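Note that chain A is present in both complexes that follow, paired respectively with chain B and with chain C.
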Partner chain A sequence: MASTSAATADVTERAGSSRGGGRLYRGDLGMWSWVLHRITGVATFFFLFVHVLDTALVRVSPNAYDRAIELYKNPVVNLMEVGLVGAVLYHALNGVRVMLVDFWSKGTKYQRGMFWTIVGVWLVVMIPGAYFMLQRTITDLFGGN
Partner chain B sequence: MTASTTSPTDQTTSGSRGTTPPVPEGAVAVTVKIRRFNPEVDPEPYWQSFEVPALPTDRVLNLLHYVKWYLDGTLTFRRSCAHGICGSDAMKINGVNRLACKVLMKDLFAGDGKQTTVTIEPIKGLPVHKDLLVDMEPFFEAFRAVKPYLIAYGNEPTRERLQSQADRARFDDTTKCILCACCTTSCPVYWTEGSYFGPAAIVNAHRFIFDSRDEGAEERLDILNDVDGVWRCRTTFNCTDACPRGIQVTKAIQEVKRALLFRRT
Partner chain C sequence: MALTTEQPLTIDKPRSSGRPAARRSNFELYSWLFMRLSGLLLVVLVLGHLLIMNILDDGVHRINFGFVAGRWASPFWQLWDLAMLWLAEIHGTNGLRTVINDYARKDATRFWLKMLLYTSMVLILAVGTFVIFTFDPNIGD
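And now, the complex of A and B:
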């Protein structure tokens, strides 16, 4: 492969960028889907980070592991679990959309439709999913049954 | 006489064409809020508002002319043809990149008789020289780097280089580019990573890569395979939305990506 450093040298030596402080760019739907993709990706990464640590505890001592898991049994963590499922689900669905945009020749044409489709799928999964995940916490907190 | 002021009552004689003309019938007073910056005087950019009469048939460019000609002659912006051909007056209007000469005021009026405010900023990601005028040189450097001209080897033909209609149609969309920089400066990747070639350069590379008469496709694909090439694109579609010529910019970039993946061995 031919070297391209000569051709790109000028481009990289760009003078300072413009001054910030203006209003937010009112970008395309695709921009906001990308922003959400980043946020859910980083959030999932941090979950995995903690998850690897707490699971590794089992090698230190099974009792310590049990105590760590016991800490998770509270309503706040339960809400975070719902958030995690939502983040992973969005990231996965939008990932498929991005792959279709990349590899399907008509992907760029239908990117908006595909976005609303994944929003629909997300809602269809998350509404009953959140109900079943939160059911126990809600009955524990507010009684009933 | 002191220089520009934000007060509408003082807006009489500081424009470059003297006194304000009579307000045409049917005109509505709108607020034009402009991001201003004079590097010789201002430590930071600031917002300045003007009251300008606007007709539904006015373009945003007419309002800028009104400000410059009758209210404040120091307002600086580019425009040449004023008819959407030259691509000089790209700016961020109400938060999106548009050509000031192609945005009609009737599409910007606030409903229910509310006061209309039009915010105008310089395009983002390029150094601001003054007010709405940015340094386009980094943008053109990226454009030149992709060799946006016909490359052909061997003996020159004695007649035209012929091409079928289907071959011509292959790259028709990307021939429409007017290099206004609306796409490149709408790209979140370009804002943070100025070394990225940007959508406009890739569009102009696409125009030759898929031209059957051109023989430089491999060179250009090599250039765009670089770390600052097409792979930086995150398909946010801001460029496609911003293009005043309706070029399917993201589609063109994706076609270059797929050419890199599948056409070459």
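And now, the complex of A and C:
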């Protein structure tokens, strides 16, 4: 049973990708969600490395820590912070989707719908989230008196 | 399931005893399971952390030494941060291990990239744990 449906899915995939006439596998939604999962995961890992070290400055002196944290309040870094939160949020939501695909009997059937659901949830969280994260920077830059 | 001479090709079953014992380790199974269990906990720990630190109440602009001191005065947040540090660092290291295994072409490259990765993991876990346990709010006095 399982092997039959896997084989069928494989055939459809191949037929779909050769539609354009080329030989390159252009991927399906599932592949792109996986690519994005990798990129956001690796980026977050590198940030974690830096973040543990900057937090470790609390053990040096309050002044050393405060100076490092000032950097995070810089407008450009503040924008990168929105990117980080967006990356982590995608990784978390897609991680839940991966778990549902693995452990829920109907997971594979609804994986596509679940992807668009997490895109929706991501937007619903990120729009107000980005607003709150950037609010101070924007008023400081443009709204100042 | 007796093998007969008519069978053109005989290959050991994946788990037959003829395979070397080392290849039958369950490490990758536990690694796979760990990613899911730690991931579930990290959804709460990390999204909670990001919400408090970056979004609520002026976000990053209110963070300074005093703010950290206030939070780490509570064992709850110390434990939260300690759990998040260990789970995230191991989850991330295991993820990067997979990425290196996928893309490094030469054995030597793969080996040294993983050594670098494991060294960074030990460093980050040691520094992070040390800082949480030895934090001194009066260090500046």
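The definition used in the following text is that the second predicted complex is superposed on the first by the 119 of 145 C-alpha atoms of A that agree within 3 Å, B and C clash if a C-alpha of one lies under 4 Å from a C-alpha of the other, contacts with A are read in each partner's own complex, and residues count from 1 in each chain.
Everything that follows uses one rule, which is that a contact is a pair of C-beta atoms (placed from the backbone, for glycine too) under 8 Å apart; a residue touches a chain by one contact, two chains touch by 3 or more.
Keep in mind that what you see is a predicted model, and the values were worked out from it rather than measured.
S.K.: Where does A:Lys73 make contact in the superposed view: on chain B (first), on chain C (second), on both, or on neither?
M.R.: Second partner only, chain C.
S.K.: Which partner does A:Val88 contact after superposing on A: first (chain B), second (chain C), both, neither?
M.R.: second
S.K.: Go through the superposed model and pick first if A:Asp102 touches only chain B, second if only chain C, both, or neither.
M.R.: Both partners.
S.K.: First (chain B), second (chain C), both or neither: which does A:Met31 touch?
M.R.: First partner only, chain B.
S.K.: Taking the superposition on A as described, I'd like to know which of chain B and chain C A:Thr44 touches: first, second, both or neither.
M.R.: After superposing on A, A:Thr44 lies in contact with chain C but is clear of chain B.
S.K.: On the A-aligned overlay, A:Gln111 touches which partner chain: chain B = first, chain C = second, or both, or neither?
M.R.: The first partner, chain B, only.
S.K.: Show which residues of chain A both chain B and chain C reach, each in its own complex.
M.R.: Residues common to the chain A contacts of chain C and of chain B are 98, 102-103, listed in rising order.
S.K.: What residues of chain C sit close enough to touch chain A in their complex?
M.R.: 36, 39-40, 42-43, 46-47, 50, 54-56, 58-61, 63-66, 68-69, 85, 88-89, 92-93, 95-96, 99, 120, 124, 127-128, 130-131, 134-136, 139-140
S.K.: Please give the residue numbers of chain B that touch chain A in the complex, ascending.
M.R.: Interface residues on the chain B side: 35, 37, 44-45, 92, 94-96, 119, 121-128, 134-135, 137-138, 141-142, 144-145, 147, 186, 188, 191, 194-195, 197, 219, 222-223, 225-226, 228, 234-238, 240-241, 248, 250-251, 254, 257-258.
S.K.: Can you check the complex and tell me which residues of chain A touch chain B?
M.R.: 1-2, 4, 7-8, 10-12, 14-19, 21-31, 34, 98, 101-103, 105, 107-109, 111
S.K.: Along chain A, where are the residues that touch chain C in the complex?
M.R.: 38, 41-42, 44-45, 48-49, 52-53, 55-56, 58-59, 61-63, 65-66, 69, 72-73, 78, 81, 85, 88-89, 92, 95-96, 98-99, 102-103, 129, 132-133, 136
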